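You will see two complexes here that share chain A, one where it goes with chain B and one where it goes with chain C.
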Partner chain A sequence: MLANILVTTLVNGAAYAMLAVGFSLIFGVGRIINLAHTAYYMLAGYSIFTLVRVAGLAYVPAMALSILLVTVVAVLCYKLLIDPMREHETTVLIITIALALVFQELMLKYFGGHFRSVPGVAEGSLSILGVQVTRQQAITCAVLAVILAAVWLLLHRTRFGLAVRATAQDMEAANLMGMDVSRIATLTAAVSAALSAAAGALVAPLNILEPHMWLNPLTIILAIIVLGGMGSIKGSIYGAAIIALSESLVIFLIPQGSFLKGAFSLLIMIIVLLIRPEGLFGVALEGER
Partner chain B sequence: MTAPFFQVEQLTKKFGGLTAVNNISFTVQPDEMVGLIGPNGAGKSTLVKLIMGILKPDRGSIRFKGKELRGQNPWDIVNRGIAGTFQNTRPFRRLPIIANVMVSCLAPRGRRRGEWVKRIEAKARDALEFAGISDLALEPAAHLSHGDLKRLEIARAIATDPELLILDEPFGGLNPVETELLAKSIRRLHRGGRFGRLHSEGMAMIIIEHKLSELMKIVDRVIVLHFGEIIAAGTPREIVKNPAVIEAYLGEEGA
Partner chain C sequence: MIRVWLLRLYRDFKGDILALPGRTLACLAVLALFIAPLFIRDTYILRIITLTAVYAVFAASWDLLSGYVGQLNLGHALFFGVAAYTSAMLNLHLGLPPVLTIPLGALAAVMAGLVVGIPCLRLKGQYLSLATLAFPIILKGLVYLFKEYTGGELGISGISRLAGSRLVECYIALALGAVLCFLIWKITDSNLGLIFHAIREDEITARASGINTTAYKLLAFCLSGLFAGIAGGFFAHYMRLAGPFTLDVLLSFQAIIWTIFGGITTIYGSVAGVIILFPLMEILRAFPEIRMLLFAAVIVIVLRFMPEGVVPWFLDRVEKECPRCKERNAFTRTRCRVCRVSLSEREVRARTTTRA
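Moving on to the complex of A and B:
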């Protein structure tokens, strides 16, 4: 039981962390609340499905191609629809939710509402420290961890990362120090979408594909972001771990009530907000300037 | 005739009914250090914001090395070789001091292609050394005193390798010893030379300052603004004797 809780927490936590980090990045840099973020996750799933089942590609090239395709679509959406409206936060919210719905309807039209599945890279299971894990779970978890580490290195050890962190703190000041903030924001939008697509591509073999699959993770990510502190990358990772753990606990401890996992996550979020309105790693607003 | 190094022509900016900057024209030569003074509300800071591209002028032009700057973004202006520090310092509070300066070195102007972060860090450290706060390099910017924040601003500005540096009240809030030190640094910057990995041919400067006695000691020429217009321009010696200037300043004290 404990082992199951642990494995589920790790796999889900890593996927949530990747989604949440991408969401946080574009919020931090562009002050954009991108409600279409998990739609990219869904698109990546369907893209893999098409490439593997219809075009007959192997899983790994299909995954790489899907991430690339979805990132291109996301950057186009960002440049054409979101960037011109960036100053108007409410408009951005409406545009991004509309975008998500458009993608959902397109998937419904072309693939129908059926539940679909994608074959994984590996069959069977293995035992790690006495815990039974499917090979697919182990691979997914390892790749997610590697990508998260790469993102951390990107943010803390490269010039792009420094530019992103500076722009996230004060866009105007970064602009005055010669930083092309609009280019940084576009690149961040690309990284953010690529993370969402990668998360979708990696968990696709573990999950069921259906056109509404973006909605539930979106709610969870919002809970994670608010829990961890808006725009904080560290907060997103800790938030993801907490929410994933609480979900696994609900699933395994109250099997009849596993449908309550979402509600339970949101409850934790509300409790944290009552005690610490800025979230675990958020900066209190008055300290910002 | 060659174009002046830096030229502002008939620059005008209105905020509603208030004309903050009214038909201002002046030039700065590459080897000059120019003081910009005037009572509160004279339009000095507005002028700086217009030059740096933060505000868009209603009329007039700003030319730097023969190129029009009007309508450019702040980052573009910085990359053409103008850097500014601001009256209200705006550090990246959650980044260490050194990272604050490294951000300047990321600008296309401040970096060479393919430079690794380590090299940028070394350059940023030299800028901090020059500004006299290299011992604080790893502290988060939120921990700095007001005087040190001013120094950080200067380090960030020089790290972009500017040819024209605009300082908005660099001495504001500093004690006499700090002021003396900073004045010395500014003179050194103006003359140019090698500061570790940074080297400068010497940069033109525009300094806005309230502490007139300090300013008059270091600048070559002074421009006096009052109600958005230039009321006098000349050497520091001429300016202190100019009746219109005395009137503008006494008028402010009398009010």
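Moving on to the complex of A and C:
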């Protein structure tokens, strides 16, 4: 029981953290709530499915290719549809929902509403400290951790990362210091989409694919973002851990808990917000008016 | 006596409605909506008209809270769903007639507004939107959990009908929709509306001017809940079903889509958005496979080029604002209908530059 809870928490938590970090990045830099964020996750899943099952590619190249593909699609969407609308906050909201619906319907049209599955990299299971873990879960977890570390290095050890953090802190000041804010935002959108796609690609073998699979993670990562503090990368990771843990606790400890898992994580979010209205690691955005 | 009164009515009608193409069109559209059911025997089309009226109230109530007060509510379906379930349960278990259950359902939605509003008003901006998103999802989880009371996925069915025939129901919906939307519009046009505008534009300044912003925001939550609740209760009795669909995230998004498509912070924009998009969605049933795709594509493309919404975009084309008295004029006029000042932009600019 305890082992199951731990494994589920780790795998889900890592995937949620990646989705949430991507979402946080583009929110921080562009002040864009991208509700199509998890649609990229779904697209990556389907893209791998096509490349592996139809085109007959091996899993790893298929993964790389689909991450690239989804990122290109996402950047195009950003440049053509989201970027010109940035001043109209609510319009961006609607456009991103509509985009997610467009992707959902396209997938429904070409793949149908059936549940699909993607073959994994490795079969079988191994035991770590006496806990049974499937190889796929272990690999997914490890790769997710590596990617998260890479994102941290990118943000904290490179000039680009510095620019991203500066823009997130104060866009006007960053612009005055001579940074090309619009280019940074585009690049951030690309990184954010790539993270979402990578999460989709890695989790795809563990989950079933279906065109509506973007909606559930979307509400969960929204909870994570709010819980951790909007725009805070550290907050997203802690938030993901908390939500993933509470989800697996509810599923394993409460009868019929899977109905309540979404409700329970959102309840935690609301409780945290009531105590700390700016989230765990958020900065109060009082200065922004 | 009656003649004088009629003459005055005619004068006001000519001066305030016929003078502006936007208002004339709106009047014609409402008139058409009211006359059309008389000639339609097809219950399917009657149903579309009825639901359009119900959803118009729902979208307008979202605009009242999110457009005017600026409290972007992503979980508006909560009010709709709470009222629908309350009405359905009261009707089914206690046998109350719709005349009672719909107001009681709306009252429950007002309570929901308080339950959401009191904790959430500690939050600001996007935090508030995302927290409001959570409530209908939590409630939906509870609905699935307590299957014996709520019917789970199937919902509560077998509720009594509103009226004997579909035509009568359609007219009740139209009348109710017209009255409620007008009421919402009047609220936003009143002093209260001005305070709402002030809170959205700059909450700190509003508070500094002696406005108890928290109380007014709470009031907005309750008012919005009230109107959305009436729509929800009506919906339950019309469909004779209150299902988990009424708490869906997509229903909340639907209200936002309608309002922003029509034009946010206008009320009439949200109503127009429903009147355009809801029947469009039904027409698109002709292409069942790509229906949602077309719908979403239409929204993306339209908003890409008219970010303010369709109605403000259209009004900007057919009406001009007088540069001096800010009165609106039809695009055909060269002089303002109130203060006779020239409306041609070039002439105005020439005059101001010579004065300088």
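In the analysis below, the second predicted complex is superposed on the first by the 285 of 289 C-alpha atoms of A that agree within 3 Å, B and C clash if a C-alpha of one lies under 4 Å from a C-alpha of the other, contacts with A are read in each partner's own complex, and residues count from 1 in each chain.
Assume contacts are C-beta pairs under 8 Å (C-beta built on N, C-alpha and C of every residue); 3 or more make two chains touch, one makes a residue touch a chain.
Being a predicted model, the structure only gives us computed values, none of them experimental.
Visitor: Which partner, chain B or chain C, is in contact with more residues of chain A?
Guide: C
Visitor: I'd like to know which partner A:Ile94 touches here: chain B for first, chain C for second, both or neither.
Guide: Only chain C is touched by A:Ile94; chain B is not.
Visitor: After lining up the shared chain so the two structures overlap, which partner does A:Gly279 touch, if you call chain B first and chain C second: first, second, both or neither?
Guide: second
Visitor: Using the touch definition from the top, say if A:Pro217 reaches chain B (first), chain C (second), both or neither.
Guide: neither
Visitor: For A:Gly13, using the defined touch cut-off, is the partner it touches chain B, chain C, both, or neither? Pick first, second, both or neither.
Guide: neither
Visitor: Using the touch definition from the top, say if A:Gly200 reaches chain B (first), chain C (second), both or neither.
Guide: After superposing on A, A:Gly200 lies clear of both chain B and chain C.
Visitor: For chain A, which residues count as touching chain C in their complex?
Guide: Answer in residue numbers: 33, 80-81, 84-85, 87-88, 90-91, 93-95, 97-99, 101-102, 104-106, 108-109, 215, 219, 222-223, 225-226, 230, 256, 259-264, 266-267, 269-270, 273-274, 277-279, 282, 285, 289.
Visitor: Report the residues of chain B in contact with chain A in the complex, numbered from low to high.
Guide: 52, 54, 73-75, 78-79, 83-84, 86, 90-95, 99-100, 102-104, 106-111, 115, 117, 120, 156, 160
Visitor: Where on chain C is chain A touching in the complex?
Guide: Result: residues 66, 72, 119, 122-127, 129-131, 133-135, 137-142, 144-145, 202, 204, 249, 253, 256-257, 260-261, 264, 289-290, 292-293, 295-297, 299-300, 303-304, 307-308 of chain C touch chain A.
Visitor: For chain A, which residues count as touching chain B in their complex?
Guide: Going through chain A, the ones touching chain B are 157-159, 162-163, 165-166, 169-170, 172-181, 283, 287.
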